[in-house]
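So, here's a batch of structures to check.
What follows is a pair of complexes built around chain A, which joins chain B in one and chain C in the other.
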Partner chain A sequence: MMCAMTLVRQYARSVLSAKTLLVYSFLLGFLLYMVTPFLIIFFNSFGKGWYGMRWLPQEWTLNWYQWAIEVADIPEIMKNTLVIAGIAVVISTLIALPTGWALGRRHIPGKELLTALILLPRMIPAITFALGVAKIFYGLHLVDTFLGVALAHVALAAPYAILVLSATFESLDERVLEASAVCGASPAQGFFYVILPLILPGILSSIIFTFTTSYNEFTMTLMTYGPHTVTLPVRTYLAVGEGYWEVSSAMAVILIIPSLFILFLIQRQLQPEKLVGGFKGV
Partner chain B sequence: MSDYMIEFVNVTKRYGDIVANEHITLQIKRGELMTLLGPSGCGKTTALRCLTGHNHPDEGRIFIDGQDVTDLPTYKRNLGMVFQNFALFPHMTAFENVEFPLRIRGLSQSERREKVVEALKLVRLEGYGSHFPRQLSGGQQQRIGLARALVYRPSVLLLDEPLSNLDAKLREEMRFEIKDLQVRLGITAVYVTHDQEEALALSDRVAIMNKGRIEQVGTPEEIYERPGSQFVADFIGLSNFLEGTVTAVEGETTYLAVDNLSLGLATTAGARVGQRVLAFVRPNEVELAAPGTMSGPEVLEGVVEKMTYLGDKVDYRLRLGDRLMLRVQSGGTVRFKAGERVAVRLPMERCRVIGGGKA
Partner chain C sequence: MNSFWHKQREGLITLVLLSPGLAGFFGLFFYPMLLTVILSFRPEGREVGWTLAHYARFLGDPAFRDVLGLTFSLAVGATVFSVLLSLPLALVLREKPKGNRLFRLSILLPMMMPHLISALGLLLFWSKRGWANLFLLTVLPFLKEPVAVNYTIPGLILFYVWLFYPYTCLTTLASLEALDRSIEEAAEVAGANRLRVLWHIVLPLIRPGVLAGSVLTFMMAFGAFSVPLVTGGNYRPLSVQIFTQATLYLEWSAASAMAVVMAMAQVTFLTIYMRVLRRPIA
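Let's turn to the complex of A and B:
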């Protein structure tokens, strides 16, 4: 009897370790799949003479970065990209604050339909949507303006912001607000001491979502940009078309720097678990 | 100084066509614990919200400590409140939660610290100041809620179903704790609940509410022993109702025809032949015996329809005559089984007429 039990236990352990091994190798494979393209671009941006079946480039160089900065005027393009993203964040947030409040805290007939409509720009293929937007924007002389490109991004960014903020506002517990009033807090004190700290994480994550949406956006920009409003993703794409593979790699690496910074910010400052949990008192 | 700490004077609150509170008039004495008791939708929460200022009454006035607060915003009423779902500030530690009302009142840091420590000690959670609400159990969260409501010594403590989200054992424990604190601090308290047992155990007086109105106000004993209406008799404890017509009044005994049975009751003032009367008796007040062993005007005979063994007591459902069903609970062992005939005594002093009868 004892012997049988031991055998069963050993069998269980060996199955477990095989399972663990499988999980780890799968994770490793997935990681490689995710990271390899990035590594290739990274080496490409620093390498010279990296052709054929070579593992690594023949020579290392900073030339391509120099080209990107001096010839392709990346600092100016980065400025465009950030200004457009900034405008898109402000407009999206201004739209999403009241809309999110209404969706999250009021009883609105046809709420589900409204939510679906708000998500529509994200459901239709981007190029279809972008073509329509471009046609309108040409008529309104919004093409090749910061505002125009930002507005095109807002169509994609605002739905995110609205969803995040309506969820944030929905999770605000009415009783907690009442408790602050009973404790003696005036409406203004209640807002600053209780409401604001509770919704701030939601607002910040909404800003990050809208910023990265605009910053990364390619299709909408492609249909609305002009000589004065080239953004980094579009410039990178153009460089490939012009045949400067290594220079576009350098641009692509520059492109991800702010994204990494934001990722770091989310990890350190926001603590993702705080964004989703901890609202409900019970 | 007014004798009453809280006064509702003719308060009416409507939501559209629904009258949530209808002409509520209620006085609560200084240092008293008054419970608003009733089923859900009876208007007890609306009345409480009128008192906190979250609702504004359509008619009537509300006074706290002699001051008319009807038009005063919530935050100026100096109330302390404990909520059913605790309603702690999730982004603040237990210490900061308790400290919040003091910060609002602009107390210095050292004063705040001293008072918070004292309040946490009062609810026996000294070591838990640095915990966030989500790290505390339900009972601990409610204790923090209690500390937050008491730390600034408000003039009135309001408790809105504070124990409903706790498990049964903890509920009973907290019940005594709350009562003990309230008596120790001598604070006037308004307690809202739908749990009659809780109300009876805690209250100095109970106001029973039904359909937006107050049905009866009295001490727990008064409302249990002398319910003023069928609703109260039905809501507080278990009751058997006997409705019939007075057929004769003979000195101490009044005879009542209930269905085709004749039952003797103690005569009450003003009883007259032909009057419709509603009497009630509690299931545990009825006596059962073997048929033929008891006699008298208050003894009837019946058949056991159903017997349920409940451990500390046995629950019988009896049929008297053709239609009248009677519920009886007796302690101890099973004495009768389903289908057996029994003699049933409805003691005259326990079988009481509600509200002097119905016209």
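Let's turn to the complex of A and C:
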């Protein structure tokens, strides 16, 4: 009897561990599936004479980074990318502050429809209206200018900023402000000590979103860029087309670092599940 | 009378607050889209006259119908396999295994990384001399030749799944975690085994979430641009065809007609998505 019990228990344990093993090998496979493309870019950017068919490059080199910086002129391109992203962030925030306030705090008939309309540019493929944007910008001589490329990015960045800020303003509780007034705060004090701290996280996350959108934006840039406004994504695309995979990999690593940093920030600050389907609340 | 003027004034303030957002929407999205629609009815290269020739050509020419067929098959394939990957993954992650946070973070990778870089990494990883083939050749002794993945349709679907399954996975995970465990426990107490609980209780309950996520994945796959541009080779889905038609063949009117068809299709999917999402949980 005792023997049978032990056997049963052992069997149960082995089934359990087999299941755990299965689960973990599934998860490990999944993790590898997700991460390897980036790992291989990383190794490729440092590898010399690594034409594959080996797990790792035999020799290591920094040549590709040197190429990226000297031949492909990455510092200049990085400057373009950051300037354009900066302009896009400023314009989007200036658009989103009043519009987000109106959508979040004021009575508007047909608010749902309006929000859906404002988000529409994010929901349909950018190439469909990028053609029209390019056509208009050619007429206005905005193509190949920082402002022009940034404005094209605003078409995609502003809807997100409006969404984030209207949600932030909507969650403001007026009673908090009233309480501060009761306690003797002037309107200016109320704004700086009560409202601002409450809406600052929202504004910051809106800025992060618009910045990443512009920094990574490819389709709109491809339709409006010129020799003076090449951005990092476009340069990487061109390098892939030219067949310099190692240099492309080095550029990709340079391009990726801010995204990784932001991913880290977001994971800390926000719940990622809430990001999906940004218009879920519509 | 006073309250009438008050109302007018309030409405005016709301309008002023909304105006930057509306200006952005009309200037950077609505007007370009309108221009695209008008252009799609113009004879190629001219600003006068009306014609339906581009639509007739687009929908009549077998080569262009192939483009539509390819776009749909890629999107459908990506959606089906995304669901097949997301369901087990979400079920496993729901149990909060060790390293839960890491796995969840890796789901976000494709959403946070620039698609262009993901495309480069996927091409490197799945190339004939890349890690994937190296691994397959090592573990499968009967495999003599490396498997061709890049620039094939199954390969494109594989890349699409990698890029767009997070939308399905995150909504599935969210609906799983919103489930009340006591329902499953009740079913188990009533004598149902794990599989029956899964099939008859869990799956029907999370169906709306999975559906909503699949429509999102489908929409993303339908509109994908940078990835098929880099990894498609000779296969050009609609978005890439629009770009090629406009910038390579300089046929803006033909490209516009395609863009209009694409935008309308996407708005239809969007409507379906909203319906799916609004439907009360069955």
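In this section, the second predicted complex is superposed on the first by the 232 of 282 C-alpha atoms of A that agree within 3 Å, B and C clash if a C-alpha of one lies under 4 Å from a C-alpha of the other, contacts with A are read in each partner's own complex, and residues count from 1 in each chain.
To be clear about the criterion, a contact is a pair of C-beta atoms (placed from the backbone, for glycine too) under 8 Å apart; a residue touches a chain by one contact, two chains touch by 3 or more.
Please read these numbers as outputs of a predicted model, since none were measured by experiment.
Student: After the superposition on A, what does A:127 contact: first (chain B), second (chain C), both or neither?
Tutor: second
Student: Could you say whether A:36 touches chain B, chain C, both of them, or neither, answering first, second, both or neither?
Tutor: In the superposition, A:36 contacts chain C only.
Student: Please indicate which partner A:198 is in contact with in the superposed arrangement: first for chain B, second for chain C, both, or neither.
Tutor: first
Student: Output check: A:180 vs chain B and chain C. Expected answer is one of first, second, both, neither. What do you get?
Tutor: In the superposition, A:180 contacts chain B only.
Student: Please tell me which partner, chain B or chain C, touches more residues of chain A.
Tutor: Partner touching more chain A residues in the overlay: C.
Student: So in the superposed three-chain picture, is A:21 touching just chain B, just chain C, both, or none of them (first/second/both/neither)?
Tutor: neither
Student: With the touch criterion stated at the top, can you tell me which chain A residues are shared between the chain B interface and the chain C interface?
Tutor: Shared contact residues on chain A (touching chain B in one complex, chain C in the other): 277, 280, 282.
Student: Applying the document's contact rule, which stretches of chain B touch chain A when the two form their complex?
Tutor: Listed in rising order, the residues of chain B that touch chain A are 52-54, 73-81, 83-91, 100-101, 103-105, 132-134, 138, 141, 148-149, 152, 158, 165.
Student: Hey, which residues of chain A end up touching chain C in the complex?
Tutor: Contact set of chain A toward chain C: 23-24, 26-27, 30-31, 33-38, 40-41, 44, 51-55, 94-96, 98-103, 106-108, 114, 117-118, 120-121, 123-133, 135-136, 151-152, 154-155, 158, 162, 212, 216, 218-219, 222, 233, 236-237, 240, 245, 248-249, 252, 255-256, 259, 262-263, 266-267, 272-273, 275-277, 280, 282.
Student: Inside the complex, what are the residues of chain A that reach chain B?
Tutor: It comes out as residues 173, 175-176, 178-187, 189-190, 193-194, 197-198, 277-282.
Student: Considering only the defined contacts, which chain C positions touch chain A in the complex?
Tutor: It is residues 10, 13-14, 16-25, 28-29, 31-36, 39, 85, 88-89, 92, 97, 99, 101-122, 124-125, 127-132, 134, 162, 166-167, 170-171, 173-174, 212-213, 216, 219, 222-226, 229-230, 239, 242-243, 246, 252, 255-256, 259-260, 262-263, 266-267, 270, 274, 277 of chain C that touch chain A.
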